[in-house]
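Below, chain A partners chain B and then partners chain C, in two separate complexes.
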Partner chain A sequence: MIVNILIGFGIAILGFVLQTSVAGVNRKIIGRLQKRYGPKWYQEFLDIFKLLSKRSISHGWIFDFGVIMALGGIIATAMFMPITNTFVAFAGYDNFFIFVYLLAVGMLGMAMSASGSGNPLASIGVMRALTTMLAYEVPFMIVVLTVIKLSGTSSMIGIGEFQQALGTNWFLIALPLGGIVAVISLMGMLGKKPFETYIAPAEIASGPMVEYGGKQLGMLFIMHEITVFIEVSLFVHIFLGGASNIFIFLIKYFVVYTVVNLISNVNGRFKIDQVVKFYYKWPLIMAVTQAIIAIYFGWVI
Partner chain B sequence: MKSTKFTPARKLSKEEIDRKWWEIGDYFRRNSLWMLMYCTGCCAIELPPAMTSAYDMERLGMGPMATPRQADILLISGYLSVKSLRRVIYTYEQMSEPKYVVGLGSCPINGGIYHDSHAVINQLDQYIPVDTYVSGCMPNTESVMNGFVDLMEQIKNKTAKGWIKYKENNEWYKSNQMAALGEVIIHDEFHE
Partner chain C sequence: MASIEFLILLLVASSLIAYLLTKVNSFLGSVFTIFASMFVFVSLAAYGFNATLVTDVLYLPGFTFGYTYLGAFFAIIVAFVYAMVSFFHPYFVDHYKYKNAYNMLFLLSLAGVLGAFFTDNFLQLFFFFELIVWSTMFLIPLGKSKSAAVTYFGYSAAGSFAMLFGIFVMRAQVGSFDMALGLSSLTGTNAIIVYVSFLIAAFAKLGVFPLHLWLPIAHGNAPHPFSPVLSGALVKLGAFVAVLALIRITPASGLITAINLPFAHYVVAILGAMSIVFGTLMAIREDDAKKLLAYSSMSHGGYIIVAFSLLDSVAYAGGFYHILAHALASAGAFMAIAAVARQTGTTKMSELGGIIHKMPITYIVYLVAIISMAGIPPMGGFISKWLIFQAVIDKGLIFIAVAVFFGSIGSFLYVFRPLAALFLGQELPQFKKTVKEAPILMLIPMVIITLLNIYTGVLPDKLFGFINKIIGELGFAPIVTSTFELHGYNGILNPALIAGIFGFGVVIAFIIFISLKKSKQVSLMETYTAANFIHTEELLHYSLDFYAPLERLYAKYINVMTDFFAALANKVKELGRLGKYLFMSKYVEVAIFWIVAITAFLLWGEIL
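And then the complex of A and B:
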């Protein structure tokens, strides 16, 4: 049991280091895309450690406690994440719904803490974040439930092994419409550009993060990196056939994050009502169509 | 003296340990400076080329930030009217320490071309501590970048101590602020 918990912490730390490095490399890639030199690849680490080295103020204990709850909740979620088919801390507990429930703990911790700061922009940001969550969850859930129906299991490793078996494609290819919906939903989850409404630095001054500075902001950055790790790993396991060894996982992870980032950086930003309308229109129609085609007609590539 | 088996290393005192930690922190701080831009003056036009592909501030680890809580540098670009000085002081006091101030252009130094106006302040240094000035009317983008590199050098050499000065000489700064503004407290619906 102790060993499992230690492995779980190891996975969370691996996720933090991996995602922070990948995000740094991506900042460099985006810099080159915009004909800039770009920052150092380890710039994200410097940012986080700088924030942790600064002095910070408090807005009451809810403000501090919420940050710790967010970070703790996200680390607890990351502990369940399988990396490969065999590399998992708690075997048998890699169910998709565990991640759905546990992710909410971190998100709600952050929402509670941001509201505790008393800044009106933070409340607007939290409201927008929850609205966006409501928007992207519905189409994403429909697609994932289709995948669970087809593969007959909701375990992440099970879904991965189903796709690795002979005669089945990755679900990104097997369910083309669903794959597109999943990519769009992933962009919403990661808060990438067209759906970045709840951050909106120029409009609501970075939304929920408006009152954070110093150590709390550093912890929120760590929490954000681990959240991104969880969401991208979910995508890799459910739609890209999981990973039989760690190198395949790293390659798939890097490709998914980079592609999403590249799409994000040529887009503008939606308003919040546009986000909801968009998700409830095309991705929802595509997701339902895909579910009907795949489940009732059995047309799977 | 080199430590050997027979002459063990001297135990570091608390100040020395603090200084070591502070030096490590300084490495991170100078390589990741986030700016809050207070663009009231015309010098702000030099910032877009500094940020975008022409000079690319991000390669030094710098970037714009949305709120004073997140920022390390308060960038005062150009002249500062008495009315906006009130907001600058309020913003500066919100920033989390360590914090640095960069004055852009000749207006924060001595008033520049507005030196005889009744509406602007002439020396920013009288009201909040400034770590780096970039002189010129307006400064070239190269000199803006140079100013930021100078600030990094100052942080490295531990001479960027404006925020400590502000704490130590708080009465002096406050009295100067009072003399210019009448009072520093803001009256609006959030502070009544």
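And then the complex of A and C:
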């Protein structure tokens, strides 16, 4: 048990290091895209460790407690995440729903802490974040329902192995409509443009983050990096056939994050009601259509 | 040995004693109420859990009782909520006009609940239902509004009489009021009639779409300590009837092969799904915290209906566990709101803010309750929702799944609103001096419920042992569980592991937090305001119309059901007016009309 916990904690740290590096590389890529030089690839690490070392302010116990709960919840979620078919801390318990709902504990902690800061901009940010969540989560979960129904398991490794078997395509290809929905939902999950309404720096002063500084902000940055790691890994395992060894995982991870980032950088920003309207129009229709085609008719590529 | 008859008689007797005692001294009477309801709960839990309750009848002529695991499950939950809420009475009854009647009716309705869950005869079930409705109907107007009681009674009576109709149809075919015999030997059209009429009763009691309108009115206006009973305990009567109808009756209907579900059950599941969606949407835009929780009860009632209509033991396990988890969560949340209401005098979210600094324990109680309500681990609500998801996915119910997922994510939105508006945000000046933490006697039940919320989410093994007995009793295969694990169709859940890892994560985060430089405490008013100077707390407290952009998207449609029922009432009134005009009025033209009509009728007979 101790070994499993240590492996899980190792995965959480790996996730943090991996995502922070990938995010740093992506900052460089985006810089080149915009004809800038871009920062060093390890700039994100510098930012976080600088924040952790600084003095900060606190708005009362719930402000701190929320941050701890957020980071704790996200670390716990990451500890269940498999990397490859065998590299997993708690084999058999890598259930899809654990990730979706345990992730919510962290989100709730952050929302609580942000509202506890007493800044209305933070509350508006929280409102937008929750509304965005309501928007992207339902189409995504319908697509995942289709995947679970087809593969007969909700275990991440199980879904990955189902796709690795001979004669089955990755679900991104097997369920083309669902694949598109999944990519769009992933962009919402990661808070990429055009769905970054809840951060909206110029509009609501970074929303939930407005009151943070120093170690609290640093911890929330760590939390954010691990959250992105969880969400992108979910996508890799569910739609891109998982990974039989760690290099394949790293390549798939890097590609997914970079592609999503590139798409997002040519977009503007939706208003919050446009986000909801958008997700409940085409992605939901496509997800339901895909589910009907795949489950009731059995037409899978 | 505790016998059911003894407990019921004890409750009736103690309700009279409570009436007299409260008249002498309200505190004494309330303490007596606590003891009476605690006694009943403890004896039920001790004997009911092990199935050693005595069902003999010595003193009540004509009454018969029978022990079923199903009834015991409901009775223990409801008695628990009653016992916990009774701790609030010493602090609340003095506010009400008829404080002695309050304690009396409270105990009397508990007696009705026990009778309803342990009777084996349908006519008695109806009698006890009416006892509950009549005793609670006089409790509700002691709160904010008298008309709320009328609405509550109207819907309950509609449900009860629909059930009575079903009972008579059953009696006509089977020739007996016996529950087990009656439900199993129904056939043909009668089965469909009884199925529908029982479901009307279940929907009305549970507050599920389309019979949901009484929920926010009754919950929102009931006395503060009575709302937890309504939501946590009494609406579960509807779930009980729903179990009887959906599982025990098999109406003849075509099987939809794609989803392996009879049409009759699929329609009910769709109604449950609609209830989830509409309850969620209405809860998101509600300003009164109690009404918000009432709409959430509607949405959770939808989950229960969906679970029981799937004809599947995993779904049943999820449904039963959801009844327990929601009873605990909703009782906890309502009790926290009641505590806030007692200390501040309001439940409107737009009037409150920053109570957390004065009432931290109440805040924790509410937080744990809503985590369970939103179905987030490591609380009980997650396990039940997980089981329901398992069944929904296994059957491939796509449209139900949309609603189920929507309700689950939507519940994050609405449960967060009271959290942010009541407890968090700026500390409003009017509450800075006056508000204190709730008194210790009120904190005891709230803490117990909080611990149980966590227990149900961490170690559900014992409870599933009992639920498996119910499922076996209903004639389905029990679900697979072990000490720590729950097996669904597409995965294994280990709640204790999740809770443990979550604890580990929090410890790690806490170590990181504590090992870094200490932060400087600043007041809530020292916030970033883009260099504008704002000195009023209200201006920095964002709680009114929290989800305004989202609400605007469906604001046009919120009154559809209210308008529909108003139009229906109008049509009934018109019909009545027509009847009155034709039969009761003194107009000449009506008299001539009748004379002509009767003459024509007679002549018609003559011609033939």
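Quick note on the criterion: the second predicted complex is superposed on the first by the 301 of 301 C-alpha atoms of A that agree within 3 Å, B and C clash if a C-alpha of one lies under 4 Å from a C-alpha of the other, contacts with A are read in each partner's own complex, and residues count from 1 in each chain.
Quick note on the criterion: a contact is a pair of C-beta atoms (placed from the backbone, for glycine too) under 8 Å apart; a residue touches a chain by one contact, two chains touch by 3 or more.
Given the structure is predicted, the values throughout are model-derived calculations rather than measurements.
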item: Touching partner for A:212 - first (chain B), second (chain C), both, neither; value: first
item: More chain A residues in contact [chain B versus chain C]; value: C
item: Which superposed partner A:202 touches (first chain B, second chain C, both, neither); value: first
item: Chain B versus chain C as contact partner of A:300, first or second or both or neither; value: neither
item: Which of chain B and chain C A:29 touches, first, second, both or neither; value: neither
item: First, second, both or neither for A:54, with chain B first and chain C second; value: both
item: Partner chain(s) touched by A:14 [first = chain B, second = chain C, both, neither]; value: neither
item: Interface residues of chain A shared between complexes with chain B and chain C; value: 53-57, 205, 210-211, 214
item: Complex contacts: residues of chain A adjacent to chain B; value: 27, 31, 34-40, 43, 46-47, 49-50, 53-57, 201-202, 205-206, 209-214, 217
item: Chain C - residues contacting chain A, complex; value: 258, 354, 356-357, 360, 363, 367, 371, 374-377, 382, 386, 389, 392-394, 396, 398-399, 401-402, 405-406, 409-410, 412-413, 416, 419-420, 424-427, 490-494, 497-498, 501-502, 504-510, 512-513, 516-517, 519-530, 540-543, 546-547, 549-550, 552-553
item: Chain C partner contacts - residues on chain A that touch it in the complex; value: 5, 8-9, 52-62, 64, 67-77, 79-80, 90, 92-93, 95-98, 101-102, 104-105, 107-108, 111-112, 115-121, 123-124, 126-127, 130-131, 133-134, 137-138, 141-142, 145, 148-149, 152-155, 205, 210-211, 214-216, 218-219, 271-273, 276-277, 284, 288, 291-292, 295-296
item: Contacting residues of chain B [partner chain A, same complex]; value: 24-25, 28-29, 31-32, 52-53, 56, 58-61, 65-72, 95-98
